[in-house]
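Read from first to last, the chains carry the letters A, B, C, D, E and F; within each, the first residue is number 1.
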């Protein structure tokens, strides 16, 4: 049972448009806060998009996700989980990046998550572009490689861009495998689709044993069947969940830099997370929400809804 | 057969962007009009949103719905119904609310609908937020409680908000049951989903016998099966149909104040209405269309399309 | 195998936001260009909307489609086809219309496509409203009537508008049949839906033998079954493919002048084209993309994605 | 004094968002209405843009102008004029154009305005693109040429476009002079600016004696001085006022097809009309408001505000 | 000199898009905070718009103003004032209104500001619609009537709306004078313009001695001259400053419910506040910023910029 | 006199919405083109924003500026200059940056401009953020320091950001002075305003002799007087002109990352460039146009209009 200090503000008491917009109306408990040590799951913003190769914007993601997340209430209408009563959840604030220096930013991010590891806090991250996952994994997988369930329309497994640039949002998991942060045999990528430059990423996946479930297979088999396989792949070991909002069809999530048409709808977007129940989640992220391309805020609202589903399965995670 | 006076203007004669935007290009026949007594189905606007607890805007709904409805033509492409030839339909204008006084506004609305009852006109209402349904039901259910088919992502059955406020768009059907306007045994709510504050609304539904079909059940069983049950619940008695546009997934209907992701698509949004054929509809409404959050007008256009489907089943209704 | 001159620029070399936006980053080879004679498939813009009876805008379609198409990469992720390596593809530029003279514009368009026929170039056209297809067909079907697979929510088979006006975007295929450009027995229209003025278009279709597959049938039978019938209807003869973006549900393709709710989703929008494999495509078009109603650019991006699918099946077409 | 039948609805009684949006909330009195003969100033919509050479949209202008005009109240805050009490004003509805036939549309427009002339109604027109003014002038100047005060950033005096097309929104006043509808010696054009194709229009103006006041002169001399000259040019004879919304700087009026930066601000936009007091206005128009390029509605609201100023000076006009 | 605890975060250290968006990146010090007693100027949000008679939205104002205010830096580039170093400034959070009960909301607001008075904190308020000023004045003017400098395009001095409704955003200062909260001889209203229902508000102003400076006089005399008179009117006594964002021309501030064209530009919008130097400001507000009508955020950014100017003159105020 | 090959396409021949959008509809002549050596003034895109410290987007600037620039015609309506007839002007394409590596990008840009210097082409650049100017100056000022007229609301003279990062869009001219690319005594900065972090940039300006004309001085003295001083400062030596679109008030140019309210209007935005006549311009740029924040395209259109004015004075420049 959680400490009532960590319960969010209710819309029955304070209208949802009022008050500072923290994640899900949780208390704001940055690392220097006296209650930081009591936090069990920490929601963190990483406002950073220096790895973006095309349309920038995810640096504005955390702020818009916080705003949209004020629509979230206490209970999961589908599963009945009440995460804020189960564990102490809090908004830990943002990691401050250096927008003009990629290496410096990655060092700052890893350092922040090292602090969470020390405090025993499991992180639920709001990015940021997908390069964000790499410095996070450097902290979380310090001791041993993790498994990963990865929802995306791209593999993000490329070697490099623009004549040898190694750190972009198209390369994080190539680096993570190379650095021993991920156990490729326990990695599954779901929803891959769209046009391709070449097969270099897929060849790499095949060579190291990453399981790629393309969208055609996803649509043909359905959520339940695909996710049963995903749970089997990651097994009972520590697992990271990385959710790129461009996994979802752009009609449901237009606000992202590299949309690919033909993806899952919003109901499936939630279902895949609910089907993670039972795996050991040591951290999760929601990345590539890009407010400049999300005029209506619909993408951020879906992103916040998915974050709530992630939180619900993290709470149930036996960790 | 309808009087040709009540036939809408055709886009073959006058382009759809021309002319005053009445509902579906019908003649404008307010209560003081000489033909008012000949109207059989009246389309009414209730531009009012004082019951809104979060994002306001439905007060602008009727005007935008009228504009969008000029895209509607004479015949239902799916069912072949030509409603304007079957019965005398007209745009009865708007009820003028008092934006700064909830009780005064409710009295004005009930009074307007009392006039329709006296004239034997069945109303198809364009709201307004969902509190609109309460003063309408006070006129329509004056003599005996009605059954109701209610499409929504929320039950709107809460007791009160903000420390005891009884009249908001989250409470109309709690009040309607308390006031004897609805027979809870003949009420079915379809599409309920999203996060919840608590179970107080669901407990009330259970205690009085309202049937709640959550979205998981809806997606699992499909439209035909769910609607067969809905028809059975309301049976052959007089029935009201209340359609909150947030029943539909926000990708299809973004322009609303309290969207919930994971809902039906636009085809299902139409199908559920077509499946109402055969029940006794004494009135219907389309509520919570909020133009300030509907920059593209897509929500209003879907709302107008659903209103046309409602009209088609009302015409077939044996009343 | 194509000449490497005709290979598009890769996003690995030049970021997608850089460079002049030609269709799919192909070389720009207008008729006066020295390499024009080597082109096998030509992508052509027809920026024209004088046939539009309601909301104008498709005259801006080609430019926005070019911009969106810079997101397209080299390989079809689903089918593995690499069209730019198979045949010489190029952006042939735009046909310059006369926005204030319909007949003059149609003459200019037919003349341009006559030039393509002479050079042996198969055209993939970006419209323009749907009247565009008529002057294109006048060039392509000069010798004998063509079959046609037509994706749309409207039949575009009406006789006339506004008291006798014969050339609008609601009449092109009526004219094409009358002029002997289409063999009605080899024409199939898929996705038809929405409200209707009357049955005059459908009666015409019946009378000449055009097969109309309404959306209810489409949703009930599924893509594979419907498309098998479509392939059978057009058979092995020369066939044109006309794709009105309003075939797709407006949640996925809002930027069009006459949307109809309840249509296919974006995955189905791609699938129907993939299922054209094996037919003899002499030309294809993507019409009715209307940038003024597509603030987010999502429609153009879907339109460009469909164009890529069309290109992939054209490449495989045995012509 | 006007008949109270013709008084607009007050926002004190019915909120401005309620009710059918007629021009300035005036009664709707189309030609077939019994009170048509009592109208003294008629507000007319001409939803038509077939003369547009670049970005279309003004066909949607009248509807949006009506909507915006519901913000207008009874009294001119600057001049104290209360036009609706002075003369019988009414919304006469729209002229139905033929969007696919320019000549047919012009005939329909002239015919409608012939009817107004017969009934002794002075028209205040909401376009429509600027070609609208030509068929209107054909009715108003049937007997003798008119003077004109013309606010615009373009002269609209070109001979032809696209190889000889004579009727576009860049040519109406060339035609009007040629047809003897305007007395060029009594025509003044104010606000002309932007880049130019060539000097052909300006040479024509010089050759026939039209006075062109470019924006540099306007900014240098100021409103009062420029307008004193304008009043002198048109003198005491019958005069038409044509107001192209692109006269105003696009920061204040973005929703138009051919904006030119560096124009007057919104205060000057109103002032120039107030300075028309004393001239004999037989008709006026507000053209080129293009809703597809006016997402916020600001242009329509400015257009409606200018229309109210035009109405105020028309009321004071000694006619 | 201020305590460094109250210094805002610098964009040189943490990028402006990172971190929780408090007003001007100040510390968040709600009433229950241990440092509340040290605050000298408190920035408060009042997210409330129940008094709005037309287009709602200002309930979302405080959140958007906070977001925009993260662009504000430490020093006034024009006057050199560094307010955060002069006095202890903090974000005190929002007053929680009851969106469905006007009287309850006003009681909550007055109660919150009573708390500020007790603590000796001068408030700078971000509304909310203009009715917000009334419950604030009830706390600030408890002991004696205040003078007021009021920037607006409307007087907000009407008696009532909709048949006797006394509390709307068009009536706050009528009520404030009646309740003895304002000394009408020390009240000046600047920028009044637009169409008017009638003269009832102006007659009231005349009868009690309120000075109204209409926009024509403002533009004719210029900022310096007008503001010299304003300073003289309020004199050396305690004064409230109320700034309705619709004072500014809608090209610069589109996001408001009742815009009036022809207003001051953004430079004048700042200048008028700078000219308040020397008067005794006991509180100030920025009201009627309406995010649903401010898609680009420009209005909120101007509003935040004006709030910074207000803060700078409040700091210099001799209180 | 220019070669007719270099004349732009006229809107009288091909509508402005048709054809590939090159800058001002000029021929596309990249460095490998056979006519490259004949170009006298080259329009270049630098789609790059890696130096942006807050809201990204200018990487999309060149494409949107090209699109907007298709509205530009042949002759300057104010000055009568016809630049395309005076000198051979062409669109040279974009420099391809490396979005994930600042140093690599700067090297690529300098290299491209080295090529222009070798070919004797004077560049008119469309950025990109303001860091773009630095690598351009490294090519243009290789031999000796240049003078500069700099329009902006910021000095861009800061030492570093985020704890020592030297290359951002807030530091280019500090670096340029340090590297000897600019002669600070011949540099004038016009329009500086907004809140400031500190005085470090202004102190540097003072210490090296850069003349800063703040917005208060600009508004007080007027365009003609200020620009006379500017011409005097740069004198007859080689001069660069750098135009940050945020020089202009955000009502006229909303689409930029760091707007500051209270700036010049669009007429003044043009006037200041016209007043550059007579100075020796070796190159110019238009930077910080950010399409993601420019939904209406108004900023790009103003940017393109200013670029045309820059081109006109470059043509007249005695070089």
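The working rule: a residue touches a chain if its C-beta (ideal position, glycine included) is under 8 Å from a C-beta of that chain, and two chains touch if they have at least 3 such contacts.
Everything numeric in this text was worked out from a predicted model, so none of it was measured.
Engineer: Can you list every chain that touches chain E and also touches chain F?
Structural biologist: Expected: A, D.
Engineer: Going only between touching chains, how few steps reach chain F from chain C?
Structural biologist: The distance in steps between these two chains is 1.
Engineer: For the homomeric pair chain B and chain C, should the interface be classed as same or different, according to whether the shared residue numbers exceed half of all numbers used?
Structural biologist: different
Engineer: Farthest from chain E in C-alpha centre terms, which chain would that be?
Structural biologist: Checked the centroid distances; the maximum from chain E is C.
Engineer: Rounded to the nearest 5 degrees, what is the angle of the rotation relating the C-alpha atoms of chain B to those of chain E?
Structural biologist: 180
Engineer: CA centre of chain A versus CA centre of chain C: separation in Å?
Structural biologist: Between these chains, centre-to-centre, one finds 38 Å.
Engineer: Could you put a whole-Å number on the gap between the CA centroids of chain B and chain F?
Structural biologist: 55
Engineer: In chain D, which residues are in touch with two or more of the other chains?
Structural biologist: Residues 13, 15, 17, 53-55, 59-60, 99, 161-163, 251, 265, 293, 295 of chain D each touch two or more of the other chains.
Engineer: Given which chains touch which, is the overall layout a line, a ring, a star, complete, or other?
Structural biologist: other
Engineer: If we use the touch criterion from the header, which chain pairs count as touching?
Structural biologist: Here the touching pairs of chains are A-B, A-C, A-E, A-F, B-C, B-D, B-E, C-D, C-F, D-E, D-F, E-F.
Engineer: Would you tell me which residues of chain E are touching chain F in their complex?
Structural biologist: It is residues 10-13, 15-17, 71-78, 251-252, 265-267, 269-270, 295-296, 298, 301-302, 305, 308 of chain E that touch chain F.
Engineer: Could you list, by residue number, the parts of chain D that touch chain F in their complex?
Structural biologist: These residues of chain D touch chain F: 53-55, 161-163, 192-199, 214-216, 219, 249-251, 254, 258-259, 261-263, 265, 293, 295.
Engineer: Quick one: which bits of chain B touch chain D in the complex? Just the residue numbers, please.
Structural biologist: 13-15, 17-22, 28, 45, 47, 59-60, 62-63, 66-67, 91, 93-97, 99, 295
Engineer: Give the list of chain C residues in touch with chain D in this complex.
Structural biologist: For chain C paired with chain D, touching residues are 49-57, 59-60, 98-102, 104, 161-163, 165, 167-168, 292-293, 295.
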